[in-house]
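This is the structure, below, for whatever I ask next.
As written, the chain order gives the labels A, B and C, with residue 1 at the start of each chain.
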Amino acid sequence: MLLMTLSIRNQLPGTVTTVTPGEVMATVGVRLTGGQSLTAAITRDAVTELGLTPGSSVRALVKSTEVAVATGPVEGLSIRNRIPGTVTGIVTGGAMASVGLSVDGGELTAVITKDAVDDLALTTGSRAVALIKSTEISLATA
Amino acid sequence: MLLMTLSIRNQLPGTVTTVTPGEVMATVGVRLTGGQSLTAAITRDAVTELGLTPGSSVRALVKSTEVAVATGPVEGLSIRNRIPGTVTGIVTGGAMASVGLSVDGGELTAVITKDAVDDLALTTGSRAVALIKSTEISLATA
Amino acid sequence: MLLMTLSIRNQLPGTVTTVTPGEVMATVGVRLTGGQSLTAAITRDAVTELGLTPGSSVRALVKSTEVAVATGPVEGLSIRNRIPGTVTGIVTGGAMASVGLSVDGGELTAVITKDAVDDLALTTGSRAVALIKSTEISLATA
């Protein structure tokens, strides 16, 4: 079972909706079971080898260090993936902090700088949006 | 010469202003020669081995796929690094696009999805802000 | 000498085996001196400027925060690069942990959340596989 053996904290189940292949890279649209839409930019080779087509069941994988957090408006931003949620907890180290987010259909962890947590005044219960660049999303088949 | 031997497109020269060590990671403040401030989250081991202290000359390195672009307001965002500039050119592929930005003191390249370029209506001459998560910045000493 | 001046902890020497260019990105196959195969997704411009062709000597560079760790099977995963090894040491901070891995032909460092270390029950001597997304690998010529 994937969840148990992988250090990647963020694993969101969903279904492939679109596959747009370029020569080298491809963008894959995914509808999460929580209802959100994601775009993953992975290699075209990976699409082929995993046999990804609309309807494929996948899990979107994102390393915690790749998740940013916004508390304000996010219009006009190239970052495709924006998952709203609520802060469930914050663990602070000397330089970095780990922020837990409850989102529709699951949980996310974002590792951001301690300074960012302070500047955004994030606390348990804060509303926040997880931002993830498409190139940071990997996909796993069930 | 670093520029000639490294695939990393974005290499911005500057000077270390602060070093904040945690147990595992450290955040390093850098003042670019263009005047902008950056924060890099690198391992504490790297800080020690490179002998980074305030005043050290460094080059901030960022892979193009790690640079996001904003055309609107970016308040309330955990992403520490925001470098304003002007789009100098766009190369579009089947899935991805490469966006050149002229910024104070240099040039940046952002690789984002083709969809993002369309949605943001980016064209040559557009004002845009390059956004870079601290964990995506590496440092090289001269 | 690159190793001494760069904050990027993971620097694996190898030889280019394939170059597949798209309009914007290119995938570059690399055979490491340890025998493993890697795929790096870098900009097409970088391939041109570095003059990368099959046979080129390169160093694959990966930031520690970009390395994930798996302890079990990793079938059905879009992440192209999987380097098996053995945990040589773990340093734990407040939020993050640094995991050293001995792999054929070298060493790797993965910075993952402390929670991931606990959940995977990683300890010195554990067998583990380093996972690296192609877009997270940079290349340097000798």
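Criterion: a contact is a pair of C-beta atoms (placed from the backbone, for glycine too) under 8 Å apart; a residue touches a chain by one contact, two chains touch by 3 or more.
Model, not experiment: these values are computed from the prediction.
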Chain contact graph, described as a line, ring, star, complete graph or other shape: complete
Classification of the subunit A:subunit C interface as same or different, half of numbers criterion: different
Centre-to-centre distance between subunit C and subunit A (centres being mean Cα positions), rounded to whole Å: 21
Subunit C residues counted as touching two or more neighbouring chains: 22-25, 41, 65, 93-96, 111, 135
Subunit B - residues contacting subunit A, complex: 20-27, 39, 41, 44, 65-66, 68-80, 93-96, 110-117, 120, 131, 133-135
List of subunit C residues in touch with subunit B within their complex: 2, 4-9, 22-25, 40-43, 45-47, 49-50, 61, 63-65, 91-98, 109, 111, 135-136, 138-142
